[in-house]
């Protein structure tokens, strides 16, 4: 059975259609990539799945049960964690405190949460910055912080909005390696990514969006050969 | 009355829309405008109607000075600093007025317009009617200025996106100052109009400002035309509550209405988040 | 803050009534403790949880009115009234929370002002509760702890107020170290991000306001028993709500000791200027007060705690 099912999600903002009849599913342990140009509705899709936005129609099912109308924190407690495209750390809290907020989902004990948070920070390679204020981190470090925070909730499904966006080239491989490790450990992921090389490399399946609609859905090999994807997104450079 | 509220609220809304700062001294600005009208009358025998431009100009200058003296320093700061900067200004102005002019209630006697008019069997005070008409006129003027003139459009652009506006060569600092001047001038006009038929004393601004906050929040901050509707709605609710329930409770009813709306539409009646 | 400073301060506070037997210094200290406690309570909701309430006078008033009415109309002990007032304040805070917590930032602040105005208007028009004229707490003699009235000396009031402040501080300290303290701060920083990590934002906000309201109501009852007269203008005005947060802001919000520091500076200042310059009907003390707020907000938004921190960092 699939872990997450997205069925016919439609959301309009005023007159603008953000997503139209978007459907796909994610199996346990699978890594699904989501691509599309700016404004294709990728981040809206994440908001719809995690309860930040209510769809006009359609359904979101986790383990076959509808989670439509659940609040974001309820969705999180069911094991779906996310990061934000525009990073949202808690700037005036320390790095470890940031991650503890996620860790409290599994334990009410402060000391235990601190332990778990430090472990999550180690895992993303941010252990040495635990005591710093989140506002003092670089963009790459903030990405890792958000990842650690989401991981600390011990999710079954992780939604990553832009893993490498805004990060300098040198740190991209390390972040990609991190995502692969998580996937290898059996975590299911949905990854939004602009860097085509990265997304083709890590995804098992890819959903391509344009103007809120799914225009293609398949393995990376199928996607790169799809006419509509090439026209809409990859462009001439990719074909050449 | 709703139209006067709307005009007071419009000034507030304009400033908030521009830079997300609520002027908690707004009521005191109104009070000062009323004193301008009063002194124009008592010293120079100018009717409040004639001194309207004076009140508007004086308040515009005050708004301009407030921006440069206070607001600019807290713009990037925490919200609490912004709240207290203007709150402090409010207390300063109110107690300053009390210090200089005492707590006595003053009125402009023998205004140009007086008496009542029968409109379809309902008596309406002539000054109130004129105030409503002029407030509406000022409102239309403000709206036209914002939507038609180049400066108005630059103001709107600044409100939409500060950085983009700055990149396009708009001097945002000047726009902010201008916004404060225009927003305060609105209060100046409103104050001048109120002076025709309302008592003038240092604490007069309080209830008006509170109603203006509610009107602005109802309409959705920064949305000037919606503020007009919300202002009228607040005015009507007040009158209605005063007639049907009890005059003493009318403000409470307005605030309750606001909270009820919040439960149903947190973004305000016409607002979009 | 090093451990020694609070302990020394506590020792000094305990010994104070022995050294100063005149009523005025004691009165000033009592007011410092009271406003300190109120600001600490406000700080839980606003400083930690980031919900800037400008309507806390409502909870203060509920505390004052509940105990006073129970004493005056039902002859109940003020201590019972104190507990009842706190309970009622919690109840009201939960009801009010439903609409106002849907709002953020300035909208929230304005909605809390609206709540304050509604409650004050209701109190003014409620004749059984004294209306605009207010209510006197019936004088009981001789002094007794059970009656919560002490006409001989302010010393007992002094220790009760100190106890109130210590209670508020202890609750804050406890929250700071618990899971909820972390949740509160996360909500202040970014409530959407907090929700995405599984924090039940609305429930935590309700929790914060409940604690804050209860402590504020205790202060209200204390005030009523100390002054022995209350009316809507003294226990429910917007200016009281503002004063409470001003004390906290002056000291430094979101810190344990900030509000106490703020009270220690602001209360003597305002009592001093009032005695000195007030009473002339000229409101000069308020002119200074308003100007001071403006200057602090523009020059030192982090409050005195921020200033202290900067000094410590400087060599």
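Letters are used for the chains, namely A, B and C, taken in the order the chains are written, and counting of residues starts over at 1 for each.
Rule of thumb we're sticking to: a contact is a pair of C-beta atoms (placed from the backbone, for glycine too) under 8 Å apart; a residue touches a chain by one contact, two chains touch by 3 or more.
All values reported here derive from a predicted model rather than from experimental measurement.
Student: From chain A, what is the lowest number of touch steps before chain B is reached?
Tutor: Step count on the best path from chain A to chain B: 2.
Student: Identify the chain pair with more contacting C-beta pairs: A-C or B-C.
Tutor: B-C
Student: CA centre of chain A versus CA centre of chain C: separation in Å?
Tutor: Measuring from centre to centre gives 44 Å for this pair.
Student: Please tell me the distance, in whole Å, between the geometric centres of chain B and chain C computed from their C-alpha atoms.
Tutor: 31
Student: Can you check the complex and tell me which residues of chain B touch chain C?
Tutor: 16, 20, 22, 70, 73-74, 77-85, 87-96, 98-99, 102-103, 210, 213-214, 217, 221, 246, 248-249, 251-252, 255-256, 258-260, 262-263, 266
Student: Could you pull out which chain C residues touch chain A in their complex?
Tutor: 177-179, 182-183, 185-186, 189-190, 192-201, 254
Student: Give every residue of chain C touching chain B within the complex, in rising order.
Tutor: My answer: residues 46, 52, 54, 98-100, 102-103, 105-107, 109-111, 113-115, 117-118, 121-122, 124-125, 242, 245-246, 249, 253, 281-287, 289-299, 301.
Student: Tell me, which parts of chain A touch chain C in their complex?
Tutor: So the residues of chain A touching chain C come out as 50, 52, 71-73, 76-77, 81-82, 84, 88-93, 97-98, 100-102, 104-105, 108, 110, 113, 149-150, 152-153.
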